[in-house]
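Each of the next two complexes has chain A plus one other chain: chain B in the first, chain C in the second.
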Partner chain A sequence: MMPGKLAKTAGFLIYAAILLILVPRLIDSYERWDLYYTLTSVALLSIASAGVWLTFFIGRINIGQAAYALIGGYVSAVMVVDHGISFWWTLPAAGLFCAVVSVFVGLPILRLRGVYFAMVTLVFTEVAKMVALALPITHGASGIVNIPLPGALEIFGFTLIPDFNTLDNSRRGFYFLSVVLMLICFLGMYRLVHSRMGRLCFSLQQNEELASSIGVNISYLRIVAYAISSFLGGIGGAIFAAISQSVYPSSFAVADSINFMLNCFLGGLGYVFGPMLGTFVLYFGWDWLFQTGKYQLLIFSSILIALMLVLPNGLLSIRLPGWKKNG
Partner chain B sequence: MADVLTIDKLTRRFGGLYAVNNVSFNVAENEILSVIGPNGAGKSTLFKLIASFLRPTSGEVCFKGERISGLAPHIVARKGVVRTFQETTIFRNMSVRENVIIAHHLQSRATLFGYFMGSRNARQDEQSFGESADDILQLLNLDHVANELASNLPHGNLRALGIAIGLATNATVLLLDEPFAGMNHEETMRTVQMVQGVRDRGVTVLLVEHDMAAVMKISDRIVVLNFGEKIAEGTAAEIQHDERVIEAYLGIEDESIGL
Partner chain C sequence: MEQAIVNGLYLGSQYALIALGLTLIFALMNVLNFAHGQLYVLGGFITYVVYGQLGLPFVLALVATAVTLALVGAAIEKFLFRPVIRRSVREESTMLLAAAIAFFLDAVILLLFGEKQRGVPKIMDGLLNWDFRIVMPYDRILIGVLSIFIIVGFILYMQYSKPGRAMRALAQDRVAAQLMGVRVDRYSMIGFALGAMLAGVVGGLLVTITGVNSGIGGPISIKAFMMVMIGGAGVISGAIAGGFILGMMESVGLFYLSSYGDITYLIIFASLMVFLAIRPQGLMGKPWG
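Here is the complex of A and B:
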C-alpha cells in the first residue's frame, strides 16, 4: 500500500514538473508560442470535462457542460467589465454561481435517467445561449468584448500572481494558471473518487434503488456531484473568457457540450484521469487532421467511432503487457 | 413483547388491481415473521410499502409508533427499516467486501467533506466499517470470496451477499424478499442458519419466501396473502391446518404448501 502511494505521488510530481518546467522550456526554445494557447485550451477543456466525467460517475450522461462554461464566462466578464472587480475574485464567483444554478436545474432533472437526462441537458445548452442573447446584462448578440487581462493578485500586500499586462507573454501566464488549476482539479477529483464519497457516487451509478435502501440520500448526493461538475465548467469558461478577452452567446455551444462528453468517453469512463487524456488526444487529433481539408470531420468521426468500438472502456484501458491492473 | 411494526389497513392499488388490500398485522420485536402466498399475491408490494418504496393508496405503516409511510426510502432506512430485493441486487462492480462496507453508510459519522479531506472521523469510520464488514462476511460464510468482484459470485453466494448488505445497515427490521430463491436444499439450510444468526444479533426479520420447508422451520409466525388480502396469520402449525390457506394453495396447479 505505502510503496504504491509513494509511486503515485512521485508519478504525479514528475508529471507536474514536465508540464510546468520542461514544456515551457521547450516551447520557449523553439519559439512555438502558439502551443501555449493550444495547451492552455486543452487544460481548461479538460477541467470542464472532468466535471462531465463526475456526472458520468453517478450514472448520468451530461451533454450540458457548455451551458455552465458559458455562464461562467459571462459571470466573470460582467463582473470584470461592468463592475471593475478583479478577475481573481470573479473566478471562484463564476464557479460558485454555476454551482448554485446547477442546484436549481438539477433538482427537477437529476431524477431522469439515461437518454432523458442527456436530452434535457443538451437542450439546456441551447437555453443558456438563448438567455445570453435575450438578457440585457449579457449585452445580447454583441457579447462582451475588450475584457481587460487579469490584474495582479495580492494578499496582504504580497503579490501572489503578477499583473498579466506586465508579463512579456500573457499566453505563458495563462498556460501556468490553467495547468496549475488542472493539476489541482484532477488531484481533487482523484481524492474524491477514492474517498468514501467516491464509493457512494459509484454505488449510485450501479444501483440507485439499492443505494437508497442502504440509507444513501441519493437525491442529495446527485445534486452535490452535479454542482461540483458545474463548478468546474464555470471555472473553465471564466478563464476562457479572460484569455480570449471576450464572450459571446455562441462562445460555448452544443458542439462543445458534445466534445466534453466525448473527451470522457475517449479517455475512459472508469479512470479519473480519462478526461485529461481524452481532451488532449481529441484536441490534437482534430488539429492534426486539419491537413485533410474537407475530409477532416469524416476521418475524425470515423476514427472516433472505431476507437469506441475497439476500446469501449477508453484509451486508458489499454494495458501494456506487464502492467498491473488498477493503476 | 413490544411491536416494532404496525401495519394498519394497508392498501395499494395499481389501476383496477388491488395488489395489497386492507392488510393489517403487527410484527413483534426480534421475531422472524414470514409472508407467504401464491405468485402475484402482493408480497413484494407489501414489502415495498413497508420500506416506503411505494406509497400506500390508503392505510399506514408505523415503526415503533411513528408513521413511516410516505417518507423517503433512505429516511425509513435511517430509522431502521431496510429491505433487500427479490431480484439479486448488489453493487456488481465492487468487491464483495466493498459492498458490505458501503452498506455501513448509515453508521457514518463523518460528512462527505470529511471523507474527502480524510478527517479523523472518516478514518475511524473506515476502520470500524472494515472490521464490522469482516465480521459479517464471516457470519455469512463469505470471507473466502471477500475480494472477488461481486458480479463473479455464484448464485448462492449472491443471496448471502444480499443478506450481508442488509445486515451491514444495522437495521432494526430487515425485510428479506425471497432470500432462498434458486438455492439447493443444502444452501437453503445454511442460509436459514444465517438468518437465525441475524436474528440472534437482535434484528427483527420479515421474510417473503416460497420454500415452505424453510418457512416452516424458521418462522415464529406466518402471514398468508392471497390476491392482496390477508387470509391467515399464525404459527406454522396453525397455518398448515387453515382451510383457506390449503384452498389458496390447492388452487394452483403445481405449487404445494408441502404438508
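Here is the complex of A and C:
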C-alpha cells in the first residue's frame, strides 16, 4: 500500500527540482515574469495553510491564521523600518513572536472545540486587525509602507543570500526564497505527522478524552501544534510584507483566514500535501477566471460547490480511492 | 442613556431574529451556515423589488420574501448539504460547502441587483419624541414590534407544533429521533428552510430602515456567529439572549465611545474572547455543542 521510503524521497527530490530548476527556466524562456509573483504567493499562502492544516490535524477548525500572518508581517516590518534590523533576522523573530502570542491565546481557547474554537479564532482575526488599527507602533490605518527589500545575508563573511536590491529581478529572489521555505515546511510537516508526536496528535483528532485517559498530555500537544501553526502563519505574513513592501491592518482579514481554511479543505484534510495543492488550485483558479470579468465569482463558486459534491473529501482523495489512513 | 437602551432593544430584536435562524440550522444539522448573511441580503433585495420597485404592499413583499427564501433554503439543504454530509469523512467539510454557497449567493446577488445601496420608501412617517430623551421614528418601533412578534411566533411554533417538536427532538439527538420515527431528512429540510426564511424576513424588515447593499452579507454572518456564540450554539433561548446582548452592547458602546472610533467593536470582540475562554459553551449552550 505504501510506496517505499526511497521512492518517496526520489519523488520529493524530483518535485523540488521541478520547482527550483524547471519552472524558473520555463518562466524565463516564456518571459512570463508575472508568474513569479503568482507562484510566490501560492508558496507563501500554502505555508500559512499548512499551519491551519496542522490545527485541523489535532481536530480544531482554525479560522484565525490571518491574525498571525498580520502579526508576523507587522513584527518584521516594524523591526526593519523602525529599528533597521536585517530582514533575515526579523523573519524567524516574526515566527517566534507569533508562536509566543499563540501560546498565550491558545492556553484558554484551545480548551474549546468544534464551532466554538472556529468562531473564537474568527473573532481573533478581527481583534488582530483592530489592535493593529489602534496601536501607535503599527502606525494605525496608514500602515507601514516603503519597507526596504531584504539585504544580503552573510555568515562569517560568506554571502549566503545576495542583497535583493542587486538582483536584476527581485521577484525571482522571492520565488526561490518562498519555494525553498515551502519545501522545508512541508518536509518538516511530513516528518512531524509521521513521527511519534504526529501519532499522538492524530489521537487528539479522534478522541481527546480517550487519549488523555491513556496518558497523552493533551494540553501540551495542543499548545505545541497551535504554536507551530502560528509560527508558519507569521513566517508567511512576514515574507508577504517584504514582497509587497507594505503592511496594513487590512493586509490580512477574515476573508484570508477563511481562504486558508478553504485551501486545506480543498486539498483534503487527510493529506499532508493537501494544503499545497488546495492553495495552488484555489489561487490559480481564481486568477485564471479573471478573464471572465464579472462572472468570475459566480463561476469560481459554482466550481467549488461542484467539487464539493463530487469530491467532498478533498482533491487528493481522487487519486487514492479507499485509502482512509488519516480519517 | 435612555436613547441608547431603546436603540439597543430595537437592534437586539433584529439581531435575535438573525441569530435564531443560524442557531436553528446549527442545532439540526451541525452546519455552520456561512451563507446566512447572504440569505439576509437576498431577502432584503426581494423586498426591495416587490415593495420598492413593483409598488406592491409591504406585507405582500414580506410574504414573498419569506416564501422565496424558504424555497432557496430547502433547495440548498436537499441538493447541496445532504449529499455532502452523507459522503464526507469529516463533517467539517460542510464548512467549505457553506463558504462556497456564500460566495455563490454573493455573486448572484451582485449580478442581479448591482452593487448600489438600495432603499425603499418609508412604511410609516413621523416619530415618537418623549421630551427629547427618547427620539424614535415610528417605522423603527413598528419593525421592532414586528420582529418581537415573529420571535414569539417562532418560539410557539417550535414548542407546540408537530414539526417544531420533531425539530427539537432532532436537535437533541439525531439518531434517537430517527429511531422514534421522526423523518430526519424531511425535518432537516424544513429546519433549513425556516432558518433561511428568518434571515430573509429580517433582511426584508430592515430594508425599510437601513436599506440593503450586496456587500453586507459577510459582516452580518460574523455578527450572527458572535450572537450564537454568546448565547450558546444550537440553543434557541441563547440565540435570543445573544442577539439582545450584542445589540445592547453595540448601542451603549457607540453611545459612550463613539469619539474613540472603532474601539467599541474591539472591546466587544475582546470581551467575547475572554467570556468564551471562561465559559466555552456560551450562556445557555450544551458543553462541546
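Here, the second predicted complex is superposed on the first by the 316 of 327 C-alpha atoms of A that agree within 3 Å, B and C clash if a C-alpha of one lies under 4 Å from a C-alpha of the other, contacts with A are read in each partner's own complex, and residues count from 1 in each chain.
In this section, contacts are C-beta pairs under 8 Å (C-beta built on N, C-alpha and C of every residue); 3 or more make two chains touch, one makes a residue touch a chain.
Only a predicted model underlies this, so the values are computations on that prediction, with no experimental measurement involved.
A.B. asks: Contacts for A:Pro136 in the overlay, against chain B (first) and chain C (second): which applies, first, second, both or neither?
C.D. replies: Once the two structures are laid over each other on A, A:Pro136 reaches no partner at all.
A.B. asks: Is chain A touched at more residues by chain B or by chain C?
C.D. replies: Of chain B and chain C, C contacts more residues of chain A.
A.B. asks: Could you tell me if A:Leu210 is touching chain B, chain C, both of them or neither one (first, second, both, neither)?
C.D. replies: first
A.B. asks: Who does A:Ser195 touch here: chain B (first), chain C (second), both, or neither?
C.D. replies: Touch status of A:Ser195: first partner only.
A.B. asks: When the two structures are overlaid on chain A, which partner does A:Gly84 contact: first (chain B), second (chain C), both, or neither?
C.D. replies: neither
A.B. asks: By the touch definition at the top of the document, which applies to A:Gly293: first (chain B), second (chain C), both, or neither?
C.D. replies: Neither partner.
A.B. asks: First (chain B), second (chain C), both or neither: which does A:Ile218 touch?
C.D. replies: Only chain B; A:Ile218 stays clear of chain C.
A.B. asks: Would you mind listing the overlap between the chain B footprint and the chain C footprint on chain A?
C.D. replies: Correct list for chain A: none, the interfaces share no residue.
A.B. asks: Name, in rising order, each residue of chain B that touches chain A in their complex.
C.D. replies: On the chain B side, the touching residues are 51, 53, 72-74, 77-78, 82-85, 89-94, 98, 101-103, 105-106, 108, 110, 112, 115-116, 118, 122, 125-126, 165, 168-169.
A.B. asks: Please name which positions on chain C make contact with chain A in the complex.
C.D. replies: For chain C paired with chain A, touching residues are 26, 32, 34, 80, 83-84, 87-90, 92-93, 95-97, 99-101, 103-104, 106-108, 110-111, 218, 222, 225-226, 228-229, 233, 261-263, 265-266, 269-270, 272-273, 276-278, 280-282, 288-289.
A.B. asks: Show which residues of chain A lie in contact with chain B when the two form their complex.
C.D. replies: Result: residues 191-192, 195-197, 199-200, 202-203, 206-207, 209-210, 212-218, 221, 224 of chain A touch chain B.
A.B. asks: Name, in rising order, each residue of chain A that touches chain C in their complex.
C.D. replies: Residue list for chain A touching chain C: 56, 61, 108-109, 111-116, 118-120, 122-124, 126-127, 130-131, 133-134, 254-255, 258, 261-262, 265-266, 269-270, 294-295, 297-298, 300-302, 304-305, 308-309, 312-313, 324, 327.
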